[in-house]
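Would you mind keeping the following structure in view while I ask a few things?
Which chain is which? They are A, B and C, in the order written, and residues in each are numbered from 1.
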């Protein structure tokens, strides 16, 4: 079956005064219709940039897709002209962002901002669009939607603002919803509500979901498959249960070890020693080698490929090449 | 929103009072007999005496102030020494000229500055941006009154396109009126244009960096919409303050422009009055002008809350 | 290190060079000028630029080039002193306002706001009308007009610095308020003050010229650039060179200070990262 989204060898770079940052360096994955995928990794590993690349909303002119392809419905989004991309953004592929406090424009009402999506993609008139916006607010669980529609963002709490952002994203029934750290900036009590909301909407509308997070716990209940990224590359890819049961890549294992667990007494929380390499000056060979406990000689000289490790599993490690 | 308006209106009152006090004391700062100064050197002896009684100069100072203030509130600003007519009618006669000049200059400035600033911000660091910066810096460095003189030399004397002095009201004869206003407006608008353009550019740059711009792009909105609607409304609020201030400067600069182009406005009136020591006029003009600026500031503040709804709630 | 970044900004370098050029001309005026700027020579009045008189002569036969050169000295001196006045008053008011807060802060800031909301030219004219013409009064007037900008800058710096721990430490060890203000707080405010001073210096030169042009500044026959333009206005058609050169000089001086000030701001103000 034809995948809905096929990312092949995507490369995205940032051109700064200090040099070129290879934020995404050869990322490939596929997304089937209705599939849920988790993108996991520390800050700076390139997961958000991957999402921005798919949506083609990289900060210009510094950021650019420099290689690879992003196939969606027979078109390569990486080279699609901007006019055509605008028709897809917010319409077929939509995104939810990390910071609800700053994601909305303070100068316009919530209804106006949601309504814009209807006005542009479905050619609705202004009044009808605001009405539809009110309906959407109800769908995402905001009480008294009819009056809330006229409110400005600063009159809403963080959790409610995020619901508005979600409403804007699902307004046109997108085929793919990308959620970039959707609950990181919210209170723990609200986090569960928002995640539930996303799950419900996903199953009701039948969207594919790409969930980006540094928090493995968030990802656990939400997706079927997980991709782990490090320094702009995918280092492991597996089904969610498999990866939680037996993580293969040393980095993934390190991530799991550093999660504090209730009931487990430890003196100090184990952490992965060392730090992420400088993206301006990446070392040769495996990018994780300076923090890996199982490194061989070969690791600092050659970068490993993604080696298969069972059905639908991959790991970027020389130890996996068997 | 209504409470905000009322609150700001009430805040205006102590400022206006302060201005009145200052203007009142201005006359008394000058060495000499205030009554004699007020009436001028050529008045008959009896007039000085009667003025002295009217001003209540033998009374305590606060009573003098109240006498003066109540006169002012009734619209009696005194009689001009030079023109021998009451100050109010002189001012009213000349006010339209200055207002027309100021309004047209500001319109010209905005029409150039805002689009230029937006364009420069949207194309940051391109050659268009550098050209913009160069022109803007030149704009704030070239003295407006020198530009006025140069324009007269080239367009009036050498080319004969526009008249150098004089005024015809555009309301009476639009084309001829505008002919007299072109050169004055261009020279008046220069400084304000450059400053507003730079301000627009820098606020736009800041706004374009904000998260909600990414959100707007992510909705698939076309670039013009993102910049023109989402960015602009947010950029306008701080720019508005600068625009208000520059409007003040333009109206203030009218003194110089009207003198150069012989336009019969308030600017020329004040200037001549200072030279002629026509204190009733000086007093009246300063009062009028100060009130005008308090009003401009108030309007700017109220408009600000339209562009940035957060302000109303933060008081 | 800052110096290196400053050099990178070509416009700023241009501004600095122009400024140095002007300062040199002003300081060396007696040697650069070809004639005595005040010497009247009716026989040679209203001559266009020539080898003998680079910029031509004015209505009294005075050499315009020399007058412009001496005008540079006036412009720089008056502008500089005006800003010194404004800085001194502004810094003191800002320090007091920001450090002591309370009602004195409210009063000072109210007055500063009142001054700021007034168009500069009207304020200056108003003050000059009361004080009378002349350079000293002009410097006081311009100083007063620009004081609020410095006061506000210093005040906001003080507000953020006073919360820092080393201020608390200084207070606890018994330093007098005076010491704290001038030894500990003030040195940390210098960056925005220097930037504002440079830019305001440019504007002060502009306003001095404007006021002298109106006859409220330089006493004749002082060759302030503004007065030269006023002279030029009288014979606009017959002797346009009298208008070209003083105006160019003003524009150059203000341009130099604006470019240099912008460059300083780019280097010293960490917020502007483009």
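Following the convention adopted for this analysis, a contact is a pair of C-beta atoms (placed from the backbone, for glycine too) under 8 Å apart; a residue touches a chain by one contact, two chains touch by 3 or more.
Because the structure is predicted, anything quoted here is derived from the model rather than measured.
Peer 1: With chain B set aside and the rest fixed in place, how do the remaining chains group by touching?
Peer 2: Chain B out, touching clusters read A | C.
Peer 1: Once every inter-chain C-beta contact is counted, which two chains account for the most?
Peer 2: B-C
Peer 1: Go ahead and note the Å separation of the Cα centroids belonging to chain A and chain B.
Peer 2: So the centroids are 53 Å from each other.
Peer 1: Take the average of all CA coordinates in chain A, do the same for chain C, and state the distance between these two points in whole angstrom.
Peer 2: 54
Peer 1: Approximately how many whole Å separate the CA-defined centres of chain B and chain C?
Peer 2: Taking the mean C-alpha position of each chain, the two centres sit 23 Å apart.
Peer 1: Going by the touch rule set out above, which residues of chain A reach two or more other chains?
Peer 2: none
Peer 1: Residues of chain B that contact two or more other chains, please.
Peer 2: Nothing qualifies.
Peer 1: Would you mind writing out the residues of chain C in touch with chain B in their complex?
Peer 2: Chain C residues touching chain B: 11, 114, 117-122, 125-126, 129-130, 202, 206, 209-210, 213-216, 229, 232-233, 236-237, 240, 243-244, 246-247, 250-252, 254-255, 258-259, 262, 274.
Peer 1: Would you tell me which residues of chain A are touching chain B in their complex?
Peer 2: These residues of chain A touch chain B: 55, 57, 59, 82-83, 85-91, 94-95, 97, 99, 102-108, 116-117, 120-121, 152, 154, 165, 168.
Peer 1: Going by the contact rule set out above, which residues of chain B touch chain A in the complex?
Peer 2: My answer: residues 210-212, 214-223, 225, 230, 233-234, 307-310, 313.
Peer 1: Within the complex, which stretch of chain B touches chain C?
Peer 2: Residue list for chain B touching chain C: 15, 18, 26, 29-30, 124-125, 133-134, 137-138, 140-143, 145-146, 149-150, 152-153, 157, 205, 245, 248-249, 251-253, 255-256, 259-260, 270-271, 274-275, 282, 286, 289-290, 293-294, 297.
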